[in-house]
Amino acid sequence: MDKTLYISSSPHVHEGGTTAKAMRDVIYALLPCVVLWIYSFGVVQPFIVMLLAIAGCMASEAAWEKVRGLPITIGDGSAAMTGILLALNMPPNSPWWMALLGGVAAIVIGKQVFGGLGYNPFNPALIGRTVLLISFPVQMTTWMMPRTHEITSATPLSEVKMAVGLTGAIPEELQAQLGSVLFGGFGGQLGVLSGFALLAGGCYLIYRKVITWHIPVSFIGSALVLSTIFWLVNSSKYPSPVFHLFTGGLMLGAFFMATDWVTTPITPKGMLIFGAGCGILTILIRLFGGYPEGVAFSILLMNSATPVIDRLTVPKKFGLVTQKG
Amino acid sequence: MELKTFKGGLHPPDNKAWSEKKAIEVCPLAEGDELVVLLSQHIGAPAEACVKKGDTVKKGQLIATPKGFVSVPIHAPTSGEVVAVEPRLGTAGTRVPAVVIKADGQDAWDDSLAGADPDTLTPQEIKDRIRDAGIVGMGGATFPTHVKLSPPEDKKIDYLILNGVECEPYLTADHRLMIEEPENIIEGILIIKKVLGVEKAIIGIEANKPDAIDLMTKACAGRGIEVGALKVQYPQGAEKQLIYALTGREVPSGGLPMDCGCVVQNVGTAAAINDAVRRGIPLIERIATVSGSAVAEPKNLRIKIGQPLSKLVEYCGGVKGDLGKVIQGGPMMGMAAVSLDIPATRGTSGVLLFSEGQVLKEPEGPCVRCGNCVRACPAFILPTEIAFRTRKGLIDEAEKLNAMDCIECGSCTYICPARIPLIQSLRQAKGAIIAKRRKV
Amino acid sequence: MKEISRLALILTLITAGSALLLAMVEKATREPIAQQRRLVTLGALKAVLPPANNSPDQDTVSLVTGKDSKGNDEQTTFYRGRKDGAVSGVAFRVVAPDGYSGSIAVMVGIEPNGQVSGVAILQHAETPGLGALIEGESWKNQFKGKSLDNADWRVKKDGGHFDQITAATISPRAVVGAIRKGLEFYKANKDQIIGG
Amino acid sequence: MNPVSELKRGIWTENAVLKLGLGLCPALATSSSVENGIGMGVAATFVLICSNVVISAMRKIIPSKVRIPAFIVIIASFVTVVDLVMAGFLPDLHKALGIFIPLIVVNCIILGRAEAYASKNAVLSSAVDGIVMGIGFTVALVAIASVREILGNGSFFGINILGSGFIPMLLMILPPGAFLAIAFLLAGMNQVSAEK
């Protein structure tokens, strides 16, 4: 035989998936929400923010890898995905340079300093957001109303926090107004519409087997249960579970950020613990913490607990179950 | 009917349609063809040649004797002249001892072979016949069958499990055997039942072979053999997973099937046992599927042990297109062959010819901790964590993470989006752990 | 034994040498340090009090203004600024315990009629660039001329009269609250403070 | 002894903070502005030179069994001198550096040089070592502080250099910014050294 054959260890077939394909799926899943977000907040400015966040991520990843003499990996789409998630976590009316800087911070501080994709302990997009939030609190809390595009710093969560902090209860006019949150009647909020866009995206990812149901279900479920308990105890002080679910970044966090492969547990049981931790921390931070919104912090906190969770949830190996039959 | 299955695993496209409707054909042997019979075709000590160059042998004549308990004899697959007793190229690409026979075209049987009625034999006599016929596990693992049929006195065997799962993609040899020779299999099963003294026997067949399920169910009716339909899921045919699916029992970690009262035999092995006991025919032939995108006409063949793979392929119309890889066995667990010139062995359940385009060349990326391997692993271990530690040389930690429980099914590597050859690291870890245990 | 004595002796000598050096330096810096401390207080007093021609830090009265966590009395020193003998203003230190990161110490100057004459931030650990903006001149100046009667002592976000700082409402809220409490104490104890 | 190569040793090849990883605590804490950085650097340098000289001079007298307590006493004395002098004459800087002046006592650079160099070398070379190491420490502090002050406050040495339109990146003058600045300087320095 003249022909040289390939020799390799089994298996000789592959399911066909690649990391890049999965990243692309995540980006597709985010598209409905991205389009809705750009359209609702005035097209031009949010579009620029989105574009520059992505550009910041991709450019800094390429530049870092070039300097370090590593293979350039921006083709795998993970940097672009980080950029999109970062933009969705910023006010759509952010200044352009903030989007760019956030992208750089997300990739450099959140990912590359740890060794690049697969080695970062924290979700890069949330690191980018946190850097921006600490650095530019004024700009990061100046939101825009959907459709009317009126500039405000009042997100529904901060309104509630403020009112409860001052008077110990949610005033009635605010209580009534909170209903409109579902239709995007508040700063930075798209309400139910984006909730469904994210839900659809999340379902697509589960269908494509990019993510499993464990984290979203336990995240949303635990947030729902905990907020319902508080609401039943004192509905004048604690807002309703529906309000919690459709405000802030809960849906985005549950489907797209708490499900980040790299920074979350690998065992199904660990995923359930992770999601539940995120949900509980989110509600606790929202109700009792210093910040009005807790999704980002709860995910980052649970990210840091991931190695411990993984260690504690090593599955019971086959052959240890007591005999039956 | 609810299909039984195990936990974990995955479902690769089975690609069986290419050959599952093809009746078994005999791969012809012409005068002058050389058969290279390797002396190490089974797990355990290699056999020792008992013929020399220039000897004339008859079909079925003993040409190599076993060395030790876990070893089997080897027989001449046809009549002819021994032209060489020397190392020849084996599957792994290394030269291994072999007896080369030049066929005389007569295919004349050795006269001394004689069948017997199993009813008149004691279990020990049956076992001796099985060993003397050189029967090994026909699923591909080639473990000497008489060893498996000799559980220690204190192990009570409740179930005989027959493996007709054939969960490997492409392969249809067992499927065809079940359809074409159900009686041969069933009689073999009855013999094994007698040897082991068990009441219950179950044949496990995957649901993608409905014709085989139907046929076997009908044929087994009233003969003390059940047929269990199984969900199509890889690795359904792995011993431990098959036992779990059919009986709900788990083989204890580090133990053997007999530790939970089961013995597993391949359906092909059952047929071979029947041939050996009833007719005195040693293991010199087997059924193999020749398939894959780079073969002209996929077929199921009855081949002689020692025929070069090239002959098999030639009979199937030769290579089609751009050949990239040759696999002996299935695509999930089979071995890549260095060339088509190597001989078929007792473990050759299939010969798969992959085109250049089917060869996996995607470079390895960093682990992104997606957890796919964890969910796919039927042994419930953490492949990526073990592989990571093995690569860092942390063998003790790999051992603590149950690396030894890996059954090397390849599911983790099949599903890994980062294309990390996890199973190689797992094999490395197992090797290192065994070496370490020996040292202690 | 001999070895230990030797070690002890040498260490003693080194320590004695150090003590001597420190004694000398302490003597030399005692006066400048006291001077500096006084200057700090004086500077703050000067910034918050209406024009005065006495030395306010010499003209003080101490009153019990509350209890600390152990139940002991807490004393506050009131500095009186005089213009030609008459009290032109009183300054004292108020502490806002509810700053964003720890307590904020504020020097408040009050004219006899209860109007604020000036505010100085003595000590704080607020976030630089955010809460720390309470040190800004324009922010501090908004209190001038305000009294309990002519202003609602809350930040605007809470419905009052005073500017908060965007994204850092906590620090201004704390300072405004502390000044209000100071004003209330002054109002209640005005006679003692000015007269005593 | 070549002064240029000695200087290079202190600033680059054996830079206490960025190469040896010593004195990280003060480097993180007092580098929020260039002014503070220089103040800390100079204070530490002064202590370093004095303690190096004294320890070197007494190296034959101090028994090795009690050398650490002896070194600490000597270092602590000089730190107290710096503390008092600064309180008396540079009150603003003293206030800004706060607790970190007394903490110079446990700055590993100083004890490290006493142990590794001054106790084994002559007075003159110990003095030079103190000078170059102190300069290296100061340079490192200024480098870290420059990054932090420019990005975090838009100013350099207290002078606004980036214009009023610049929105400072608060993170950089907060503690995490110190870690980031020091980490990237350290990494950059290693990268440059590795390329050479």
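Here the chain labels run A, B, C and D in written order, and each chain numbers its own residues starting at 1.
Quick note on the criterion: a residue touches a chain if its C-beta (ideal position, glycine included) is under 8 Å from a C-beta of that chain, and two chains touch if they have at least 3 such contacts.
Just so we're clear, the structure is a prediction, and the values are computed from it rather than from any experiment.
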Most heavily contacting chain pair (counted by C-beta pairs in contact): A-B
Distance-maximising chain from chain D - centres being C-alpha averages: B
Rounded Å distance between chain B and chain D, as computed from the means of their C-alpha atoms: 71
Distance from chain B to chain A - Cα centre to Cα centre, in angstrom: 48
Chain A-chain C separation of Cα centroids, rounded to whole Å: 45
Chain C-chain D separation of Cα centroids, rounded to whole Å: 32
Chain D residues counted as touching two or more neighbouring chains: 168, 170, 174
Sites on chain C at which at least two other chains make contact: 130
Contacts with 2+ other chains: residues of chain B: none
Arrangement of touching chains [line / ring / star / complete / other]: other
Interchain contacts, given as pairs of chains that touch: A-B, A-C, A-D, C-D
Residue ranges of chain B in contact with chain A within the complex: 10, 12, 93, 169, 240, 244, 247-255, 260, 310, 323-327, 331-341, 352, 354, 358-360, 362, 365-372, 374-375, 378-382, 384-385, 401-402, 405, 410, 413-415, 417-419, 421, 423-424, 427
Chain B-touching residues of chain A, taken from the complex the two chains share: 1, 3, 5-15, 17-19, 21-22, 76, 116-119, 212, 261-268, 271, 310, 314-321, 323-325
Interface residues, chain C side, partner chain A - complex: 130, 157-158, 166-168
In the complex, chain A residues that touch chain D: 67, 95, 101, 109, 113, 131, 134-137, 139
Chain C partner contacts - residues on chain A that touch it in the complex: 137-138, 141-142, 153, 162, 166
